[in-house]
Structures are given as C-alpha cells and as structure tokens.
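The next block holds one structure in the form of structure tokens; read it before the comments.
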Amino acid sequence: MNEALFTANNLWMLVATTMVFIMHLGFASLEAGFVQSKNTVNILFKNSMIISIGLLTYYMYGFNLMYPGVNEGGVFGFGGFGLSLPAGESGDIAYAAGAYTYWTDFIFQGMFAATAATIVSGAVAERMKLNAFLIFAFIFLSVVYPVTGMWKWGKGWLDAAGFYDFAGSTLVHAVGGWAALAAVILLGPRHGKYTEAGIRPIPGHSMPFAALGVFLLWFGWFGFNGGSVLSANPLTVSLVFVTTALSGAAGAFTAFVSSWFLYKSHDLSMVLNGILGGLVAITAGADQMLPMQAILIGGVAGVLIPFSVVLFDKWKLDDPVGATSVHLVCGVWGTLAVGIFGSLAGWQQLWIQLYGSLAVGGFSFAMAFLVFWLLKKTIGIRVSAEAEKYGLDVAEHNMRAYYR
Amino acid sequence: MNEALFTANNLWMLVATTMVFIMHLGFASLEAGFVQSKNTVNILFKNSMIISIGLLTYYMYGFNLMYPGVNEGGVFGFGGFGLSLPAGESGDIAYAAGAYTYWTDFIFQGMFAATAATIVSGAVAERMKLNAFLIFAFIFLSVVYPVTGMWKWGKGWLDAAGFYDFAGSTLVHAVGGWAALAAVILLGPRHGKYTEAGIRPIPGHSMPFAALGVFLLWFGWFGFNGGSVLSANPLTVSLVFVTTALSGAAGAFTAFVSSWFLYKSHDLSMVLNGILGGLVAITAGADQMLPMQAILIGGVAGVLIPFSVVLFDKWKLDDPVGATSVHLVCGVWGTLAVGIFGSLAGWQQLWIQLYGSLAVGGFSFAMAFLVFWLLKKTIGIRVSAEAEKYGLDVAEHNMRAYYR
Amino acid sequence: MNEALFTANNLWMLVATTMVFIMHLGFASLEAGFVQSKNTVNILFKNSMIISIGLLTYYMYGFNLMYPGVNEGGVFGFGGFGLSLPAGESGDIAYAAGAYTYWTDFIFQGMFAATAATIVSGAVAERMKLNAFLIFAFIFLSVVYPVTGMWKWGKGWLDAAGFYDFAGSTLVHAVGGWAALAAVILLGPRHGKYTEAGIRPIPGHSMPFAALGVFLLWFGWFGFNGGSVLSANPLTVSLVFVTTALSGAAGAFTAFVSSWFLYKSHDLSMVLNGILGGLVAITAGADQMLPMQAILIGGVAGVLIPFSVVLFDKWKLDDPVGATSVHLVCGVWGTLAVGIFGSLAGWQQLWIQLYGSLAVGGFSFAMAFLVFWLLKKTIGIRVSAEAEKYGLDVAEHNMRAYYR
Amino acid sequence: MKKIEAIIRLSRFERVRDALAAIDIRFFTMTEVKGFGLQKGEHLTYRGSSYDADYIPRLQLEIVCPGEQVEEIVATLIAAARTGEVGDGKILVVDVEQMTRIRTGETGIEAL
Amino acid sequence: MKKIEAIIRLSRFERVRDALAAIDIRFFTMTEVKGFGLQKGEHLTYRGSSYDADYIPRLQLEIVCPGEQVEEIVATLIAAARTGEVGDGKILVVDVEQMTRIRTGETGIEAL
Amino acid sequence: MKKIEAIIRLSRFERVRDALAAIDIRFFTMTEVKGFGLQKGEHLTYRGSSYDADYIPRLQLEIVCPGEQVEEIVATLIAAARTGEVGDGKILVVDVEQMTRIRTGETGIEAL
C-alpha cells in the first residue's frame, strides 16, 4: 500500500461523508415539503437536532458500540467511551490497510447514524410532541441503531451467519422504517385523515421542496452506497454508481407507470417516492448486481410504492411522508433481492437475508415500540388536538415558517 | 500507469458525475422558479422523468450509439445493446489508459445525456402536453443526442474534421437549444404573452428557486467541464475550474451592466441568465483558454443574453426560462469562440467551428421539428386553452404545488 | 513526490473549491430566508454579484495582494496584476511541493475571498442601497480582505508573530463580522424594529430557505476547513472533518438548550445560528483540536449566540440575519480558543491570538467604517423610508420575488 | 335577501362547514382575514425576542340567504363556531338589495 | 351609492377587467376568495388517494358606483363573466351610506 | 350599527392601527386586497420587458361600530391614512342590520 493510494482512498471516503451529510438536508427538505406549512418549523427543527444528537452520541459511545472490535460473532460489544486515535502506524495508513484513517472511519459512520432516526421523524410528523421525539431519537441512536449495526457491520452474529447488507437496506433503512411503523401505530393518525367519508388526503405544502429533497437524497446516495465500498476501488465504486443510478431511474419509471394505471394520475409524489424506493432497494446489494439487475430491483420497488402507500392508508397507518413504504417495504425488498439477483443469489442466501431482515426488523420494531409506549405512558407522545389543529410551529416553537 | 493514479483519476470522474447529476436539480429548480406556480408540479415531474428516461435509454443503447467504437470518422455507428464490462484488463485499468473504468465511462456520459432534453423542458413550459413531451424526450435522447454526440465525441466525421467542443457548448447545449427553438415555433406562445398592447411578461413565481437553480448549475458545471478532461490531470482540471468560474462571473457582471443600460433595471433574472450564458459559452473551450480569454468569452455571453431575450420576444418566440438565449445563442457563441480565442484560434478553426456548429444544430433542429410536427399532427402537443389557464398542475397532474 | 499523490492532493483542493462555492448558495439561501419577502430579490441579487465581483477582483489583483510572494513579515505586498502560470516545473508539481497547482491555488483562494463580503450583505439587508453596497463590496474585496489575509496567510507580520488562524475564524469571518458591525452602526436599524414599546422582531419570510442555507453552509464548511489543510493529507483532513462536524453539532445542541432556558422557546433560528456559530468558532483551530475540544469550542459558541443576538438588539444594532453574532463574536471566540485548547494552547499563544484578532478586527472595522462613511456622505447608503416600507425588490429591482 | 358575514376561528372551520351543510346551505364564500385587536395574537419568539403577533388569522364566511333564513343560519353558526373562549368572533347581517346569478342572469331568490 | 360585489371565475378575470374598462369603470378592488359548495372543487389526487377539493378558488370584485350605474355594470359583468357552465358565480348589490376619498376627504359621488 | 370599510395603503397600516387604538377602537378585521384601476400599479421589469402591474396591493379594514361613532372613526382614518398623493384609498360606510357575538350570542351594541 502506498501513500498516494491511501490518500485517494481516504479522500473518497471523506467526499462520500459530505454526500451522506447532504442526505440530511435531503430528508429535511423532503419532509418539510410533504407536511403542511403550519408544521414546517417543527420538522426542520427535528432534522437539525437529529444530526446534532446523532453525531454527539456516536462520538460518545455509538461508534464503539457498533464497531466494538470485541465479541466477534456476538450480539453486543462495547469498545469504550469516546474516540482515541490508535497509536503509531495503526492510527494512520495501517488502520484499514490504506483505505481510510481512524477519523475518517468515525465520521463516515457517524453521518450514517443519524439517518435512521430521520426516517422516523417524517413518519410521526404533524402530531408528535417535540420533547418525546427528541428523547426517542436519543435512545434509538444510542441503543437500537448501533446494536443492530454491530450484528452485521461490527462483525456480529449476522455477519458470521453470512447475511449481506452492503450499505444498509436493512441496517439503516428498514431499521428506521420498522421504528417508524411502531411509532405510527402508537401515535394514531392525524385528525381528519381517516373520516367516515373515507380517506381525506392532507397534501404536503410544497412540492418544490419535496422534489429538492429527493434530488439531494439521490445525490447523497452516491456517497452512501459508493462510500460503503470503504475504499476508492475504481471498478467497485463505479459499478455501485451505475447500479444506484439505474435503480433510482427504474423506480421513477415504474412508479410513474403503475400509478398511472392504478389512479389515472401523474402523481409527482409517487414518482418521487418511487425514486427513493429504488434507491433504498438497491442499497443492500449495490455492489453485487449487474446493471439490468439493478433496473429490475429498482423497478419492482417503484411498483411496490403505490401499492404500499395505499395499503398503509387502508390500515389507517398514517405516515405523512411515506417513510414506511419507502424505507421499510423497499428496504426489506432490497435485502431479499440480494438472495434473488446478483452474484450472491441462491436459496441459502435468500433464507439468510430473510431471517436477518426479520431479526433486525423485529428488534428495531420491538425496541421502538417499547420506547414509544413508555413515553406515551409518561410524558405523552402526542400534542393536544388544539395544538395539532393550530400547527406545531406555533404550538411547540412559537414561530411560523413563512411570513409575507 | 499505476493503481493510485488510476484510482485518483477515476475518483474525479465519479465525483464529477455526481456534480453533473446535481445539474438536473439545478435545471428543475431554475425552471420551477421561472414558471407560474400553477405549472410547478408539471415542470418538476418532467425533470424527474427526464433523468429516468435519459439514464435508462442511455443504458439500453444510447451509450453504444454515441461511443460505438466502430465507423470512426462516420456519421452513425452502433455498438450493440446494453452494457457489458470488457473482459480482463481492458475492463479495468487498461480501459482508458488508467483514466477511468468502463462503468465510470458509462455513468459520466449517461448523466450528460439527459441534460439536452431538460433544456427543451424549460422552453416548452406552461403549455405543452405531458405525454407529448415525454415521447419527444424519449426520441430525442434515443436518436438525436447520441448521434450528434458521436459525430464529435464518438470519433465521427466532425472529430475527423478537427471540430473542437471540449464539454459540449454545441453537443449538449446548442443541441438542446435548437430543439427548444423548434418546439417553441411549433407550440406557439403562452396565451396572453403577446397582446395587441405589447408584450405582457409572465413573471416566474419564485426567484429564490430560480437563484438556487443557477447556483446549483454553476456548482455542477465544475463537474461538467472539469470531468470532461476525462482524467484528474491536475493542471488541466484546475485550469478548467478557473476558466469556468471566471466566465460565469464575467457573464453575471456584463449582464448586470448591459441590462442596466438597456432597461434601467437591476433585473435578477437577467443576471442569473448571464451567469448561465457565461458558463455555456466557456464550455466548448474551457481547457483552451487563458483566464482573461475566459472572462472575454463569458463577458460577451453576458451581453448577448439581454439582447437575445428581447429579440426572441420580438419574434414572438415565447421561452419562459430563456433556454434558447442561454443554451442556443451562447452555445453557438462559445463554439465559435474556440476559433477566435485560445490555443486553437485561427481562421481555419473558426471555419470548422462554424460548420460543425451548423451541422449539429441543423440536424438537431430538423429532427426536433420533425418529431414535434408529427406529435402535433397526431396526439397534439399543446394543452387546451382552458387547461393552460387553469394550470398544468391540476389539468395534467390533479395536484397543486403549494398548499397553505 | 509522485504524480499520483499530486493528483489526489490537487483533486481534493478542487473538490473543496466547489464546496466553498456552494457556501455562497448557502449564504444566499440563509439570508433570503431571514429577510422579509419584499427584500428577497435584493438579497439574491447582492449575493450573485458578490461572487462575480469577488472572483474578478481576485483575478485582477486580489490574489497577488494576498499572496504577494514579496515582503515577508510585512504589512503589505503586491505581486503584480493578473495571473500567469509560472514556467516549467514550478507551474506544475513543484509549485506547492505536489499539493496543488497554481490554478488550483488561485481558484480555491478566490472562492474564499467573496465570503467576507457576503457576511456584510446579510447584516445590511432590507435597508441598504444596492449601488452603495456593490461599491463597498468592491472596495472591501479589493483592499481589506486581501491585505489582512496577507498579514497571516501571505506570510506577513502576524504570521511571523506566531498568530494562528487555520481556515479563517479571524481572516474571513471576523473580518466580515467587523465590517458588518461598522455598516450596521452607520446604517441604523430598520424602521419599526426598535419602538418605544420595545423590540419588535421582524421575522424572516421563509424558514425552509434559512434551514437550507445552514445545511449547505455546513456542507461547504467541510471544504472550507478541509481544503485549508492545503493537501489531501489523510490524517489531517479527516481530523478536520471530525472537529468541524462535532463543533457544529455541539453548537446546535447548546443553542437549543440555552435558548430554551433563556426564552422558553424552541427557536429554530437560534439553533441554525448555533450551528453556524460552532462552525465559525472551530475554523481557527480545526486541525489543532481533539474531538472533545471541538465539542467544547462549538458548545461555547452555541451559548454565545443567544446572548449576543439579544445583546446586539439591546444596543439597537439591527442585524437581520445575525451575522455579527455568528461571524464576529464566534470568530473572535474561535481565534482565542486556539490559545486555550488544543496543541497550541498557552498564555503566549493566547496573547498572540488576542492581539492578532484585535489588529485584524480593528483594521477591518476602521476601513469598513471609513468606506461606509464616505459613501454615506456622498451617494448615501440607505434607501428612502418609503422604499424600505415598500421593499427593496420593487424599489431597487422593479421585481417581486414571488408571484402566485 | 340578506348577507351574513361571519368571522370565525380557523380551528372551527370544518365544524361550521358541516353544520351549514346539515341545514342545507349549499354555497358560501370564504376569505382568509386577520383579526386585529385587544385579544392579542399568538405569543411568538424570534431570535430571542418574544412578542405577541398583533393579529390572529381568521376566516370570514359570506352567506347570502333569504331574510327568513337568517335566524336559523346565525343560530347554526353560533352553535358550530363557539368555544366559549374569548376570540370566537362575530356575525354580521347586512341587507342585500339585489342578487344575480351570472350563469343565467336570474335575480332574487331564484339566483340563490 | 351602491357597492357591487361579484364573485367570478379566475379564468374570466381578464375579460371582466377589460369589459369594465370599456364602460369606464376606473377602479375596483379584488380579493382572492374560496367558493365552497355543492359545485365540488377540482378533482385531485395525492399519494394514491383521490379527492375533490371542497372549494374552488374564485375572485371577488368590489365596485362602488352611483345607484343609476348599477344596471349597466351588472349587465357588463354578466356578459363578461359568463361561460354558461355551473359555477359562473353571483353578483350582489349592497347599499352604501357614505363614501369618502381619503386623499381629499370628499364624500359622495365626488369621492368616486 | 354600521360597518366601515377602508381601503388603505400598505405603508400606512401601522399608523392607522395606532390611531384607531388611540380612539379606543379595539377590534377590526383586515384583508389583503388588490386595487385595480387607472392609478397604474408598480412599474416592473422582467427579463427585459417592462410593464406596469395592473394592480396595487392594498389593505382593506373592516370596523363595525355604533352609528354615532362613524364620524370620529372616518376622521381618524383619513388623518392617519392620508399621504395626499393619488392612491390614498376610500372609506365606505355600510349599514349593518344585526351583529352577534359568537361566544355569548349577545346581539347589538353589547356584541361589539
């Protein structure tokens, strides 16, 4: 390993870090666009605080919970509080065999961490108490995300079992999606969404911000998936770029076609969710697929989206931004797809993918349910009906998002 | 060629790819800002679908039409459907002499492809039928863009003739601009734009989104031009950054000054278009110019913009976002400028630039005219007057872009 | 030094350049969000022109004023007009010992330049005459920024004295902040801000744009600080990423907590300013701090913000976007912090940091005051009360930012 | 023919709309207005200064009806819009001299 | 002195404005309002659920004029605003007791 | 009971509000309206074409008051809203047959 290659590898990981950072802006914009204007400050506030909480907890203990360096093959490990640069060569070029430095390792993984909580943020929008959400995010990022992450990426039991999740269809997206599902169940729908007369959609207040968010997320995904190669290996990173781009493109296209057949409408919100669905789905196997397989995986995700959005609505599970459809449904699909398409495909792998997905999902759902339930019984998780009517911006923040 | 240099080169091409991707967001924001709010969903929808169509068609055959690897010096070639990694070394470091991988080649070029259609999207905004536009985009990206691209970048006849177009003032921007002109002619102006009482401007609904779009485009242009070096060669890429930055800056400045002299107003929309004009103009020769020459090229473009906007309006060619002025006029100017300034300057070169520009432009215009004309005669290209009044968002998408 | 490492280093500097470029969009969005909608075109216009003026003046003489290459240890030097690539090796790999090319040096530094003027733009928003501002920006970028920059980065007297300012807490942010203070003093508050009945806040018109701006600034800061390493050195750049991220996160958190204790409100505008405060503060010593020290520095900045915002308001210094609190107060704090925390800490260093900060600040304040005062006595710096009421968009630009 | 102008709370709109539908009021016009007054608006903070918005966003409904229906409509509005807290709003009744339906040119009761 | 209040379609605004100018109505005031009612608003879809907006955006024009001009203005409005389809809107005439021009303090017809 | 409708300049709003408070007018309703007319609106340019906005944004205030207070309020409005330039706006007085306070159901003067 030479210095120049080390520098190029590390450089890519850092650039990818900034792209993952931009995903937080993507989420913030998307969610802001998909809520009513009276709840916009609230969603922006939550997304700002999540990055802060995510980075700080990951610094304090999250990184060492997820990558404990001990208890390989196990379900839990802890490498100690804080960060300290390993001494000598092992803190420099030798740390990851010339792929990145210790600091890079932390900051790239730290940017990932907050994503899972952000997914929940969108699903509980427009009716959840701010303090309850922040406490949830803190616990979720302290316990659930790093622990399930350790199972696979921290060389825990799922990794030993052969489970494959390249960049986190399960470990990031489905983890967030399952928690979102738990939250939505306990929280109940927004007032006026499910009436006797049927479902009354509550349209988001700004499609430009929603579209801005999706494009930024797509941009960031090149760093999210491309950085998960964990080096700048030319062939692998470029393949990941191709599969990521084509899967998103296919998701857009099939969401467009299927929502036209289903609802006779050119629904922008569906196409945007279709792009995200394609991106979530390819994430588990972005480095294992050929272009055509990426198109198939994304294409299926784009069809799943309109069905699943409507299904969740039929079950009266009210998710203002479609987080469960995008991150949970397509996250599971993408995880399974690794056993169906690509170089790892096979019944054995499919089975591992299935139970890995269920194990992680079950743990995340159960823990999130527990936390939300405890919060509900204690400080309460839902704002008053009056505050919901009036909007969380004034009720929780004494601010408005827009003035003339 | 060593592994480290290969990695650094390829890394730059991939980063540049993401920056070109962001240009699609730039176009979407700019166009959204420059249309009325009642047509915002429509423009966002078109821009989302164009990326999808662009990437998928480029995967299916576009890449192999544009870079057929056969029929050098010719006008047409086809390398077969789909993508497949060349075997052995030729699919890796040897593919482009250590500059990038096969996959990188595809994805960088694929991101470029959709740009040309996006340019048309803005020009036909607020009155064109969605399905007709999508069919046009599909045909345009399948046939026109890759074929004219092949003439130069795919080692076709223009390349053999010595035509120079570094990053696509002609091959991307003017191609899109000529097609936009054809569309605008066949489509006719928006209702109420040209009245007996004179020109009634129809101002865009959001200057912040327009400005956001232009800044994002400028950002992306560093990847568009810088990536067109097709390696991370330090001196060339950094020179391209300098010329790109200075040309945009000069375009802003001269558009500011000239629109003040012409209209006694500090018109933000002109300054924004001036920046873009400067960027389009430098694109053909970004690697051939000294800084001062870049300033001159951008400066002339910034003056061309206010004149050409007004001229197109005088001819009753209604282009809501100024795509023809920016991409066509400045694209032609930039192509010619390669024969006037910089290391290639000379009468011989100027002559080649001129006929290359006309050949490509003529083909693009004729093909686009034909396609639009056929669409007009069959399914129709223009929405009903009632739908135009009401806005395409409700008429074509059953949605609104904004809710309180 | 080998070609590959040179390429990787130079690549990072160019990527960092694009990220610094995006900061201009960040500033434009943030400032647009924090002003009233009737002044939005004006702020976007100013920010567009500042980049243009900044790059062009930096090309013409700024670069050679700031890095004159003569008069080391002095207070002023000038290396001649324009740019010209040094001949032979010294214009290529040897220019900066393989870290970057001559062109890269210029463009990275040129992107920095405009930042200082942008800071002033926000502080004088909603009431300053456009032409007076543009003249100020021109003079400020021609004289003040490059000269004080030379004192430290151009190897002038402060550098010789041992002053440390890694990426510009003082040289960029405080320089801009002090000038902003001078401007605010001479300009006076917006009508209706300080009434007999007390302070009447004039809320910004779009929190989504404000938040978008802050996230983009944070993104750009990774290039601003990371690029200031002036090579892609893996360990240093990655440490800078960690300190930059954690300081911003800590600023958000403490601004959240302290504004809750102070005002019993979850004020998004405070959290956003807290993030920026943390980023400004870490800038002076981003490469000298351990993660925990970065958290402390950012944490203190996040507490300073709410106090200082209120203090400036008490002194009737009306700064619509909080530029003085963010860039001046936290810039000074960050500069001093280099003497308190990190590898340089010590009384001696603290003393140098203090007088360096005062020297630069004093010069910037005095020069800005002089320029504004001269402008006030000649063409006037403030729009008429009627124009202020009506909004600068119509009064100065004959445009509106929004239409339905 | 009378015109009833009611200024109500945002949060009561759905109730009022449904109550009007129940007594067969098929059409009305709504405008978003701002109510100024002693009531004091929302308590807001911005960048550390707290202040009371000097207005409260409200909805103004306009309903044209025959004179004899006024009483019923006013009673319905009160029932649906009332919370009992200060700030519930007002109902005005104004005389309308003539009403015309644009589509047909009919005037008077038929135009309703 | 009378006040004419007309509720019209968005799409007829330019015609109405020009028609009023043609009969020398030099000033009027416009408000953006929402028309609720049986008419059913636009048919919209969002994330797979389709629904009818319960209102249609409309414009309300207010024109103050001398009593004798009412007939002409109403006729002009009908001619310009009419499409013949349901939803063309209404025109009210209300009595104004007094009108004052702020600039001069003039009242009555001179204030027009 | 009368209703005063005043159409004023945006820039005079704060003065008017304070002047009303000074004569103890505690409540009023405000709507953002567009004034069309010969006055010509702002002179605007966009992408090189200049044009006059055909309207000027204005504010409409509605104040309900007992008949005997009309004169004082109108005088106050004129004093506060007047600039003396063309475009200062108008004040209408309309008769209100009945006013009801939603909170209590009181009508007439008590409802004020």
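Per-chain numbering from 1; labels A, B, C, D, E and F assigned in written order.
The rule is simple: a contact is a pair of C-beta atoms (placed from the backbone, for glycine too) under 8 Å apart; a residue touches a chain by one contact, two chains touch by 3 or more.
None of these values were measured; they are calculated from a predicted model.
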Minimum number of chain-to-chain contact steps, subunit B to subunit E: 1
Touch-network distance, subunit A to subunit E, counted in steps: 1
Labels of chains that are neighbours to subunit C and to subunit F: B, D
Interface composition of copies subunit A and subunit B: same or different, split at half: different
Which of B-F and D-F has more C-beta contact pairs: D-F
Subunit D and subunit E, separation of their C-alpha mean positions in angstrom: 18
Between subunit D and subunit A, distance of the C-alpha-averaged centres to the nearest whole Å: 45
Subunit B and subunit C, separation of their C-alpha mean positions in angstrom: 33
Per-residue overlap in subunit D, given as positions that touch at least 2 other chains: 31, 44-46, 50, 94-95
Touching two or more other chains - residue numbers and ranges from subunit B: 2, 4-5, 7-8, 11, 15, 203-204, 206, 212, 265, 267, 269, 398-400
Every chain pair meeting the contact rule: A-B, A-C, A-D, A-E, B-C, B-E, B-F, C-D, C-F, D-E, D-F, E-F
Subunit A partner contacts - residues on subunit C that touch it in the complex: 2, 4-5, 7-9, 11-12, 15, 19, 36-37, 203-208, 211-212, 214-216, 218-219, 222-223, 226, 232-235, 237-239, 241-242, 245-246, 248-250, 252-253, 256, 265-269, 271-272, 275, 291-292, 295
Subunit D residues touching subunit F - in the complex, by the definition given at the top: 2, 6-8, 31-39, 54-55, 58, 60, 70, 74, 77-78, 81-95
Complex interface listing, subunit B residues touching subunit A: 2-8, 10-11, 14-15, 17-18, 21-22, 24-25, 28-29, 32, 40-41, 44-45, 47-49, 51-56, 59, 82-83, 91-93, 100-104, 106-107, 110-111, 130, 206, 209, 212, 396-404
Contact set on subunit A toward subunit E in their complex: 199-201, 203-204, 259, 262-263, 265, 267, 269-270, 273, 306, 309-310, 313, 322
Residues of subunit D defined as touching subunit A within the complex: 10-11, 14, 42-46, 50
